[in-house]
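Both complexes shown next keep chain A, but they swap its partner, so chain B is in the first and chain C is in the second.
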Partner chain A sequence: MATQQGDSGTDGGSVRRRWEPRIERLKRGWDRYTEHRIGVVGLVILVVFTLWSIIPGVFAPHSTEWIAYIGEPPIESRLTAEQVRSLPHPPAFGDPFFAPLGTNANGNGILSLLIYSAKNAMYIGLAAGLLSSLVGVPLGLISGFYGDTWIDEAIQRFVDIMYGLPFLPFLIVLVAIRGITTTNIIIGIAVTSWLNNCITVRGETLSLKERSYVESAKVAGASDTRIIFRHIMPNVLPISFVFLAQDAAGAVIAQASLAYLGLADFTANSWGIMLENIKSQGYIFDAWWWLLPPGLALMLMAASFYFIGFSMEDVTNPQR
Partner chain B sequence: MDRAEDREPLVEIDGLRKLFDQSQGIIDTVLGREPQPVRAVDGVSLDIHKGDIVGIAGESGCGKTTLGKMLVKLHEPTEGAIRFDGNDITEMTREEEREFRKRVQMIFQDPFESLNPRMTVYDTIAEPLKINDMVGDYDARRDRVKQVLEDVGLGPAEVYLDAFPDELSGGERQRIAIARALVVDPDFIVCDEPVSMLDVSIRAGVLNLMKELQDEYDLTYLFISHDLSLIRYMCDRAGIMYLGNMVEQGPTDDIIDDPKHPYTEALFDAVPDVELGEERRRANATGEVPSPRNPPSGCRYHPRCAHIIPPDGWDGTQEAFRRAYQFKLKVRRGDLSAESAESADIADAEALVEHGLTLDIPEEYRSETEIESGGSKVDIARIDLPPAARETLVDAAGAVLDGDTEGALATLDEAITTPCESRRPEPQPAGTREVACHLYDEPGFEELDSSTAGIAPAAAED
Partner chain C sequence: MTRISGKYLAKRIVVSYLTLLVIMSLLFVLLRSMPGSFITSMISSGMTAEQIARIRETWGLNEPLWRQYLNFMINYQTGNFGRSPTYNTQVWDLMIRRMPRTLVLFGSTFIIGFIVGPLVGMYLGWWRGSRKDKSIFSTSLLLYSMPSFWISWLFIWVFNYELDLLPSAYMFTQFPEFQWTAFTVMRDVLYHIALPIMSLTFIGWVGSMLIMRPTMNQVTDEGYVFLARAKGLSERTVMVKHAARNALIPVATGAVVSLAFLIDGSVIVENVFNWPGMGQIIVSSVLNRDFPVAQATFFMLAVLVVVMRLLTDVIYTYLDPRIKFGEGE
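This part shows the complex of A and B:
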């Protein structure tokens, strides 16, 4: 419990006393988060991927344009036939060049590609997750709070129709109409993934609005907006955070599967495209150093989102 | 005399009715089914005078909480009017409603549910002040909150202000719920079972606190509880509810010392007595509470009533009529049928009548044969049934054994009737209180069984 500090009446003091319990709460939340090692592992992985996507140059040994034997652009010479035959080259540490995870068939370093692709995956994961939360949570709140009215009915029937959309065919059509860009893929993923969010939040809201603290707020004269934002939303945010993490993981994987099917922006670097390339160039059984890293990276990113979601559930929904 | 008479009522409830679930699904509409709403509160009238503590008692599901929630405008009444200080609360302007919200508060049953787990004690208590723009700045609000916290016995307030509900005990939480209700300095508080979720050891403390606060804040309480001893301790006046109806209301002491309505009597008998050596009386009522979706016709209590009124021409005892009426109800409910007779090894109609005339009541009210047979059989010769009625029963039992339940019911409906079933009792003044029971309709029921004979019928005003 926070203790009284500073003189009452001074502005700084009152603001400080106001926020103290919340800061205290955050600290307690962090303690609960770290109770599970899995959450910490997820957080560490995510921090690494975040750093990769913000400052890839620090981690990657070369740029994405780097070519084995020749080096960084500008590229003036050409590979000899013998050199081309040695590609994709297995991991090499300085002799004849430095590529810790080997190269692909074009001579690009796998580790560099992997690190530079993290940005794309993070972008897609967070954008799709946030977008689907931004659509799903408010709609779920409204639908639940006005449960059993035409508003709820309309939203839920719309959700039902959207559930009827098959995910991949829908994305293929969307991308075929609007063109293969990362933005379109994010929109396509968000359009289909907000549904779970909406339905879960609605269910939670339906139960929360019957709590007597909501009723006592009503008795005190609170408006609908106040009840939704002060009393219901803080209590559904934890769940929606879990869904945000899951949606993000789902989106990264969905984008990779689209890329594998050839439905991705090929000018971008992405783990899915790396996998698609190894398939189309026929090295799946020969170049393990090319095949495994992007798959593992995808797995780790999805896992980190899930781990964080798992631990967040403990923070936000303490059981004792 | 009733000291409430000469004061202005603060709250007047008039013919209040609340039906839930009136809407139907599409399938019901297509099939043309009638909606069957839950009749939570069905025609309740009550005056609450300033400074009183009025108790509402009744079994769970009798509509007492719904009544309380309508008084604070959490539910809109389907029908009827509630006047607070002379203004109808169902037709308030926005401005009037703001004023009303400051004057009326509610304390809820479960202190573990009634405080938002994500708000500090300060935020919870200050919320009504913020909503109603009552105290200007943060520090003034904080001072007001501290003062209320100390009033409800949570001092020093500093310790509690920044705590979250999950750090507090049930008693502390309920005190905070009380503080939240008090912070706007209201006139009227609805308390919905305020101590039923608390440990017995801290109940008295909370109740005494509520009594003290009544003086300090000049409050009027509506106290909803299923616990009659609590009503007796707290309340000046009490109302007893059964299936959405107010069956009896008046000064608490009068109701407790001399219950007039058969339901009130049964309710008080159901309270365990702690006095040693005294034989405990148990409730003389049959069966379960019926569904409020499809309540019994006439008097809601008649299927369970010990003092059900026989028809005019009945020359047997009231007890015999009660048994005969229960027989009819059992046939109607399907408790007595050809199959059930078979499984109980009953072959002829006479035996089925003897089986069907039993009453499912505590032992002290049972007949000797019932006790001997464990409640499965009653000696028909010892029951003072009129011969005609007896014949009807045997006929009906015969029809039941033949599988013709509808025929049996038709026969029974003709012969075994009661005014309780056909007419709805209006609240009648009876002594110091109002009772809704046909026993008090008109004089001339002295021939009823001995336990009702002592009750002087009220003047007929029907």
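This part shows the complex of A and C:
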């Protein structure tokens, strides 16, 4: 609804003529986007986390196998009893070892774990967000386009049914059925979180399909599929992008909650698992350097998705 | 009074009921397809095949799956939830004991969230784009991004561990030194529920704010808002009496979505605070494959959501007289 119609390249002109207005529009959109400080902040946070997930080695002082006092593997010596007692060790800068955020009870550096875990959260957030959009947006489009027919009715009743199943417990069942792996967690989150996308896109589509350009496309003999995907979908993409961002944020938090409940792939590194470890090993109130960073990282990751999503919404909101 | 037609209402009730039936069937299939069964824990290696068969017989597992399904569906229609193998009581008793505790936690969070959220959303939407709006909005998004168990830990850390002000677990004092009277029980529960409610509302109010803010912003351009201003009403009156009331409508529909969000939150928070409610048993029953209890808790939550959806539809018509149901979309 935000993007103007009429530039869909129906005339089939030169590539340049087709793309120029789009690039122009992108530029305008970018200018409006950067007006929102939270959008820029979100983008910066996301870039940092992306870098963490692509090249963690550059940022992390140690590998995830590094152990305080001993160092990187291969591990030859063992910790003395006194050294074990000093774990989890508060932040130390060179004396007796270098760990800017301290260590956990096993002697692994918190900062390194934090940086190496970014990949997992990023992967789960983006994959689950994309998947649930891929389910929710087409279903919403179809449901809205065929509003008030049995197709719409069927999809809406299905949405009702899914709403009746509480998200987190349902997710636990799904993950329990298929086994606790990262992929299954992503699928589980996607299966349960496409509902809002579907309902919102349906609402948008219901109003969009009454517009004159859809009517004229119909008169011109365009097929339903063409109208839906060529004429209506470009207009609901901005709002579905907002929901993609929200789903990604929700997925990151949901994964952490699952880890808290003991349902996580414990061979992977993730912030949720770091928090689950501090709980199961009983250091919640004794090791703030272990408690705070993973939670803050989760919060910032989810918040950056929200920030970007809501700034996008503002950019695409024509009433301004 | 009757803006909603009886026919439409009847249709909605039938559809809600059918929705529940489908949810139950789905639940049956899903729970049964989890690996493992609840009798695994009852069987020890020394048992003979006959003993195992008898246990299976007692719990009705020898019957074919379709019979189990039929039994389940028919029993639930008559309110017979069966017996729990792990809690060793009637599931219905368990529900009756636990449901109020969850509803207390849940209801108070819901009410606080739905007072604070729309109020804040009203102010932010009215002055959208102002400095105040930007800073409060971004802060609330940060709150919304917190994992609920983590924020609960932080609250426990500050209010229990450091300041020793509020208890961090359970619903009652474990070994009380005071007499149990109605007053002390109330006070004790309030004392124990403070931290769970704080943790839940700290995050939960943002949901309704997020719905209120954009709709509030939209109504600022409406004709009746201009009219109200032109009449010389104060800015505050225009905002509260004329704009906010209309902006509340989407919040009412959004209530169901926030309800789902709250259920997740309370599942986690109940586990953190050892609050003996539904959220605690729904997780443990699934993990222990206690199907009778899992089915019943899912069922109760599903009933809650479905009934709320029905109610919001009805409330909707009273909030917005333009909407008439029963005449298509």
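As a convention for this text, the second predicted complex is superposed on the first by the 306 of 320 C-alpha atoms of A that agree within 3 Å, B and C clash if a C-alpha of one lies under 4 Å from a C-alpha of the other, contacts with A are read in each partner's own complex, and residues count from 1 in each chain.
The working rule: contacts are C-beta pairs under 8 Å (C-beta built on N, C-alpha and C of every residue); 3 or more make two chains touch, one makes a residue touch a chain.
Computed from a prediction, not measured in an experiment: that's the story for all the values here.
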Which superposed partner A:25 touches (first chain B, second chain C, both, neither): first
Which superposed partner A:37 touches (first chain B, second chain C, both, neither): second
Chain B versus chain C as contact partner of A:220, first or second or both or neither: first
Superposed model, chain A: greater residue contact from chain B or chain C: C
Which superposed partner A:267 touches (first chain B, second chain C, both, neither): neither
Which superposed partner A:77 touches (first chain B, second chain C, both, neither): neither
Chain B and chain C contact sites that coincide on chain A, given as residue numbers: none
Touching residues on chain A, where the partner in the complex is chain C: 37-38, 41, 147-148, 157, 160-161, 163-170, 172-174, 176-177, 196, 206, 249, 253-254, 256-257, 260-262, 272, 275, 279, 284-285, 291, 295, 298-303, 306-307, 310, 313, 317, 319
Chain A contact footprint on chain C (complex, rising order): 15, 19-20, 22-23, 26-27, 30-31, 33-35, 134, 137-138, 141-142, 144-151, 153-154, 156-157, 161, 214, 217-218, 221, 256-257, 260-261, 263-264, 267-268, 271, 282-283, 286-287, 294, 297-298, 301-302, 305-306, 309, 328-329
Residue ranges of chain A in contact with chain B within the complex: 1-4, 8-9, 14, 17-18, 20-21, 24-25, 211-213, 215-223, 226, 230-231, 234-235, 318
Chain A-touching residues of chain B, taken from the complex the two chains share: 69, 72-74, 97-98, 101-102, 104-106, 108-110, 113-120, 124, 127-128, 131-132, 138-139, 142, 158-159, 162-164, 166-167, 177, 180-181, 184
